[in-house]
Each structure stands twice: as C-alpha cells, then as structure tokens.
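Input: structures, listed below.
Two complexes are shown next, each including chain A; its partner changes from chain B in the first to chain C in the second.
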Partner chain A sequence: MSTPDLLLDPQLKYWVLLPISFVMVLVGLLRSNITYLLQPGPKLEEYKAIREKQFLRRAACFRQNNGVLTTEEFENRRQYLIEKLNSTEFYAKVEDPNAESTNPLSDPSTNDALMNMAKGNMMNYIPQTLIMAWVNYFFAGFVIMKLPFPLTDGFKQMLQTGIETPNLNVRYVSSISWYFVNLFGLRPIYSLLMGDANAAAELVNQQQQQQPLPNIGGPGGPKASKLFQAEAENIQILTHKSIFDGIVDRVLDQHA
Partner chain B sequence: MPDIIYPPSIQSNHQKLQRAQDIASLVLGIGAGILTLESAYGFSFYLVGITITNGMFFAVCCQNQPDKFFTNPIRDIFFEGIFSNVPGFIMMWCLVYALVKVNS
Partner chain C sequence: MSDTSIALNNFLLLGSSGAFANFEPEQLLSNHDKLEQFLLSNGDSLSTLELYSLYELQFYLALLTKHDIEAKAMLDRLVDQFGANAKSQRLKLLQSIYLEAIGKRDEALALVNKSPNELKLARRLVTFGRKADSNDNEDYISTLTYYLDLQPTDLVTWSELGHEYSKIGHYDKAIYCFKEILLQDALIYPIFYKVGLNYYYNFLQEEKNLKTERKDKLLELLNILINSRNNYLRAVEIFDDYTKAWVGIYIITQLGSFNDKLKKLGDGGIKEVKEYLEYNEKLSKLSDKRIQELAQPEEYAKILNDIKK
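Now for the complex of A and B:
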C-alpha cells in the first residue's frame, strides 16, 4: 500500500472486538435455550385426525416400498388401500361438499400456529436488533480494525458509519462491521459449543423446521379428500416389481 | 436393485463432515490471521486448507470409499461445504489478524 497505515490503539481490540464477540455468543446460546423452552409440547390431537394422517402415511410407505412384497401380497394390499382411500372411512371428518370454505383466520387451531410463528420470529429479531443498537450506541465513532482483505467503495456507507473521513480506505472499518462479520460467522462456534449442528444452523438461518406429518386440514393445507384421491391414483398406476422375482437364480449365481 | 438408503444415517454422516469442516474453517482462520495473510493469499490459503481437510476426510473417515456413506460423494465432500464455511473463516481471520497486527 502506498498510503501509510493508520495507527490503531491495541487496547481497542481487548475492549471492543472481544466483548462484542463474547456478547454475541452468549446471547446466541441464551436465545437457543429460550426458544427451546418456548416450544409448545405435543398437543393432544383427536384420534381421528391422527388416524387420517397415519393412514395416508401408510399408503405412501406402501407406494415407496412395494418391492419387498410378493405379487400376491402386493395385489391384496393394493386393493385394500384403493378401496379405503376412495371411501370416507378414514377421514377425520366427513365434509359437506357444498359447504363454503371457512375463513382460516377464525379457526382457533390456525391462531395457535400463527402465534407460534410470531413468537419464533420475535425471538429471532428482537435480540439481533438489541445487539445492533447496543453496538451502534456504545462503540460508535471510531475505527476499530483493519480488514485483511480489500472491499469495494460500495461498502463504505455501511461499514464506516460514524466515521466522518470521506477518503479513508474501506479496509478500516467501525464496530458495526465486526457485528456483521460475527452475525454470519458464528455458526461453527455455536455448533461446536452446542454439539448440535441443526440448532446452530437454525439460529443463523432463522428458518422454520418442516413438519414431519402431512399438514392436513391445517392452515393452507390441502383437503384430506384431495390427498386421499391423489394417493389412490398413485397406487392405481403403480408398477410392481418384486425383489423376489428370480431370486433363486441370483442367489445361485452369487454363490456359484 | 436400487440401493437401500436410510436417510438418518446419511444425515449423520453429513453432520460429521460438517463438524470437521467447522473446525477446519475456524483453525484455518486462526492460521491465516497469525500469518497475517492479506486478501487473495488468505482466500487461497482457505481454499487449499479446506480441500486438504476434505481430502483427509475422504481418505481417513471414508476409507477411500465415500460412496458407502454419501449419496453424491464428490459433490458432498469437496464442493458443498466450501462456501457455507467461508463466514466462519473470515470471522476468525479478521479477529486474529487484528489481534496479531498490533503496529498497523
């Protein structure tokens, strides 16, 4: 570099860089614990709703793993499943086909789901905003470090907030940029500290986990009758190839 | 015959790989900081280091037979983790670089 380096007080590192990282790690751990505590326990569902989901699942399992059955077994199960999927026996509740679709917002179960989502989002955004405000307020107005790599001038606005020096090299940045570097870079630290990579990824990515069971009758979910019909059609067109076909020859070949 | 794959096992293998890459990226960041590497040298240090780590995972943990443990071994081991681990590397690099380079 042609320009002389800025002289930065070494004390800055011990009183700014390390405290910010320390606080962010601790807040992250605290947040993951609180999210864990706020998670609602499994709710008691009506047995018919469970039965509906599990029957659908059973059909899907049959569809995926039909190779392990012999032809006779396969045909029996296929007939049974198609018959039941086309009847209303396993529906949680038989719906009136010409009933109007109810407003999803007035349904109490939808409200619960929305509430949980709102809680999750709050747990994500409030701590981040608080830390950002704290960093901005507490450590404003000075250069704390020199980045080891050059950046384009576009980052100047964001990374040098509070420093009124228009021609300063972008590599000298203020505390807020250390906050951002931490925000994205702490995932490996969390995952090593917590020993659980999924929870750590969740902390950083702020994504919702997927539900294991198909979302029947939930907010925005498709109607059970549609799913059942689709599954019945899938099973209808299934081509069956058993693993037992020609097994004697294969075993003899292998051990010949 | 299609292979029978048990997804949780694959997932667990991915987690082990992820753990190795986490540690590698942090350690490489510390290394780059101590050596006070700058810009392109630092990133190439990371690329070389993480590829060596992946290669060792390939040779030691997978015993040179990664298709036993991953569905798409080359991509999963060598390419998938490279970019997702850059932020961790950059963080440690910046931190240690700032701590080491006192008279800058």
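Now for the complex of A and C:
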C-alpha cells in the first residue's frame, strides 16, 4: 500500500529547518571560542623534573652508544653514572621511603587535570543538551522536510526519531533527526567559517566523542628511584665494544 | 614541488635548525635579501605559523647583517601577534637578543633572569657570562657546567663547553664534552673530527713538554696520536668526502721527528709501534690520494704548503 504524499507547509523551512541549523552552527562556534578561552596555557615543567628526565636519558644514551668511547673513557663514565644513579642527587624530589602512598584523587597535582577534563566535558554536553531540549520542546513531532531521493527502510530510525508513524515514507525527516544530522555533518561548514580545517575537525571530534582520560600521573607512573636503579643495573652489566677496534682496516678496505 | 614551496621549506629548515649561526657574512646577507624578497612576494599566501616562523628567522638574519631597524620591525610584528606580556620564552629570548644587540645589556639580562623553570632563557642567561677576552673564560665555563648539571642532554651547550675548554688548552676536558655529544648521537661526523683535532692538539702540547725520550712516555704520546687518528678515521668512515678529516689523517702520518723516534722503538721490537708505522704508510698514501680527489688543484697545493709550514 502506498501512502499518499504529505503536504508540508513551506513555512516549516523558514521557521524550523533553517533555525535549527543556524542555531547549531552559532552555538558550535561560540563553544569553540569559549573552550579556547578556558584552556589553560601550557605550564612550565619544574626544572628539577626536567633535570631528572634528562639525566636518565643521558644514562640510556650511554648504554646505547658507548661504542664511541675508548675502554678507559668507558670505565670512567660507567663508574660516574652508576654512582650518580644510585645516589639521590638527580632526583626531582627525594621521597620519604616510609611515607604511605597518597590517594591520587586528593593529590593537588592531579586536581588540575581533573578540573580541565570536567570543564571540557561541561562545555561539551551542556550546549548539546540545551539545543536538544529546545528542539524537543518547540518542535516535538514535527515532520520538517522531504528528501528529494528515495531511501531504504533501514534509515527510518535515523530520520524519523520522535514521530510514531510506522508507515510513513522514509524520505520524510523529523525535527529531532534533523538535529542529529546537523550534529554529525557540520564539519565542512565549520572549516569554511573558521578558515582552518584542523580546528573544525577538533571541534566536531569534541562533540562526537568523549575525550580519552589524560594520564593523571599518580599511581600509574613509575617512580624515579625505580627507573634510576634499573638503569644502574643495566649499566652495571654492560659490555663494551669500541667502534675504534679495527677501524684502520675498515677504512683501508673501503678504499681497496 | 613548486619553486615557492621549495624555497619556503629551505627557509623553514634554516630557521628551525639555526644553521645560520655558522654562516659566512656573504651567505647571511644573501639569505637575508632572498628572504626579504620572498616575504614581499609570498607573504600573503603563507599560513600563520609559516609566516611568523619566517619573521623570526628574518629577525635573526637582520640582526646578524646589521639591519637593526628591520629587526625591530620583525620583533614588533611578533610581539603584536603574540602579546608583549605573554609568558612565551621564545618571544622573551628574541627581545633580550635585540636589547643586547642595541647595547642595553642590563635590560636584556633583567628580561631573562626571572624564573628558574624557564630553561630556554636559562641557556640565554648563561651566554651573558661570556667575555670578549677569550682567554679569561673561567666564569663562563663554570656557568656552562652549572647549566649542564641542570640540563645534561643539551648538546649545543656541551659543544660550547668543549670549545671553551679547547681555547684554554684543557684538551682532555674538551674531548670529554664532545664525546658527550657523540654518546647521544653517534653519527655526527664533524664532532668526531673535533675530537680527533683535540687529541692532536693534546699530542702537540705533550710533545712540546717532552723532555726525555723514555719508552713509556713515547708510548703514552703514541696512544694519544692513535686516538686522534681513529677519530678522524671514524669521521671519514661515516662521510667519505670529508676533506678536513682526511687532511687531519695526512698530517698525523707526516710527523717526521716523532715518527723517527718511534722507528727506533719499533726496531727495538715493540709490536704496537711497528703496527702503527705500517698503518701510517698505508694511510699516508690513501689520505693523500683522497685529498687530491676532493680538493681543487690549487687548494691541494695550498693545503700541502700549510702542512709543511
């Protein structure tokens, strides 16, 4: 049985369809600007933490590239590094071994990260909830447009959310579905308006998915003392092979 | 790639690598003029990031070529874009460089001397310890070592410290510094050359102080020389067309009086010395051949002349 065509009021276009799109674009732009303003500037890492990392890196480099040293230099450096790695001289902060491990949620250094995450999420779902509530309140159950091309029944759920008409042709789109189509399909518009494809992509990504949890330090990160000790042990068992062994023959062969 | 994008990439690379710091004056001037033209004709089509990176490069080039006013204009553009009171270390760095260049040293110093966490500025601060008189660099060296204690993987500073030690004749310490660079990147052949050179200087220094011709002393010297030779050889092993290192090898093989002393030792039956002298002959021929291949004829003649002197 074929359903007769619905007659849609052309005014729907001007008073429902376009306003929904228009409001969504504007709110999206506003949100991106507010998020930008709320973003904290990059924080400087404390110099001691950097020193600790760099010293560890220096030790790791020694482990990898010690072939450039002569045997004597190798031994000197090895002794120096083992001594320093076993002392607390390069630790960013010396921890009390008797102190109990702290709760990561009460640690002030992780509060910042949590706060930023919360801010980001709020900026994400508050505007979306508001717009959706607005659409649902004013335009609940509206059929606002008819697509100019035929579609299979599989699209019914996507295009006719919010109206209970099992036999209605799939080509008719409900207001709340139009909202979802906009939510996922506005990227090109944003990139056009913002003049920057990357920023737009970021904006759309933010809308569509939860950001992954940032690594908030705390119990996951290994302790400096452990890393230092491991590196010291690695260096302890290192065998040295100099690149200068037999280098004359190698060069002479190269030109033979 | 079009010509414009090639030129753009070249300039961006120049800016990010900082290679212009080692340029000759003519090179600096020509790059400065080219970049000026490039900015005039292509400035509108660049992205913000590219444009301001080029402004930064042009700032340096303008300062180095004594275009103070232009440098100031570039700096103002950067400040206008990124804010005068911004926390940006990069911007503060440029401002302090400009202030120092126009003679306001104290203001420049005040600008970078604020927070111990601003490590990029800390490195800049270290350079204020440098004095025009190159023989009096003790303070500078101690600031450099202090800085390296905080930033043990800063290769530029290790190199600077190596040069400073080399200047005052502490060749062993200079070698230590250069080796520190090689530990982090084992393929930088110019550093191998520098290590070799410092070993050679060390050898000359020791030879000058040599009073006896005792066997152990000579063997000690030989060891230094072998180290020098090996580092040169490593440099040409990595980059075969490195003329400087070939010249270094050639010079080592031509040490007349010292080699004569060694010959006596070798005749005395010391295997190590015999081996060294055998290698010496082969390397002498090879390095001579390579220098001839690499250098222009008149350049080659000049090199030989210089060596003889």
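The rule we apply is simple: the second predicted complex is superposed on the first by the 131 of 256 C-alpha atoms of A that agree within 3 Å, B and C clash if a C-alpha of one lies under 4 Å from a C-alpha of the other, contacts with A are read in each partner's own complex, and residues count from 1 in each chain.
One rule holds in what follows: a contact is a pair of C-beta atoms (placed from the backbone, for glycine too) under 8 Å apart; a residue touches a chain by one contact, two chains touch by 3 or more.
This structure is a prediction, so every number in the text was calculated from the model and none was measured.
In the superposed model, A:S21 lies in contact with chain B only, and not with chain C. Shared-chain residue A:L69: touches chain C; no touch with chain B.
When the two complexes are overlaid on their common chain A, residue A:V181 makes contact with chain B while staying clear of chain C.
With both structures placed on the common chain, the touch criterion links A:K13 to chain B but leaves chain C unconnected.
Residue contacts after overlaying the shared chain place A:I50 against chain C, while chain B stays out of touching range.
In the superposition on chain A, A:P40 contacts neither chain B nor chain C. When the shared chain is aligned, chain B comes close enough to touch A:P150, but chain C does not. Once the two complexes are laid over each other on the shared chain, residue contacts for A:I243 go to chain B and to chain C alike.
Contact with chain C, but none with chain B, is seen for A:H255 once the two complexes are overlaid on the shared chain. In the superposition on chain A, the residues of chain A touched by chain B in one structure and by chain C in the other are 67, 243. Contact residues on chain C toward chain A in their complex (touch as defined above): 87, 115-119, 122, 149-154, 176, 179-180, 182-186, 192, 227, 229-231, 233-234, 236-237, 240, 279, 282-283, 286, 289-290. Here chain A touches chain C in the complex through residues 41, 44-47, 50-51, 54-55, 57-58, 61-62, 65-70, 73, 243-244, 247-248, 250-252, 254-255, going by the rule given at the top.
Residues of chain B that touch chain A in their complex: 1-2, 15, 18-19, 22-23, 25-26, 32-33, 36-40, 42-43, 85, 87-95, 97-99, 101-104.
Residue ranges of chain A in contact with chain B, taken from their complex: 5-8, 10, 13, 17, 21, 67, 144-150, 178, 181-182, 184-189, 191-192, 197, 243.
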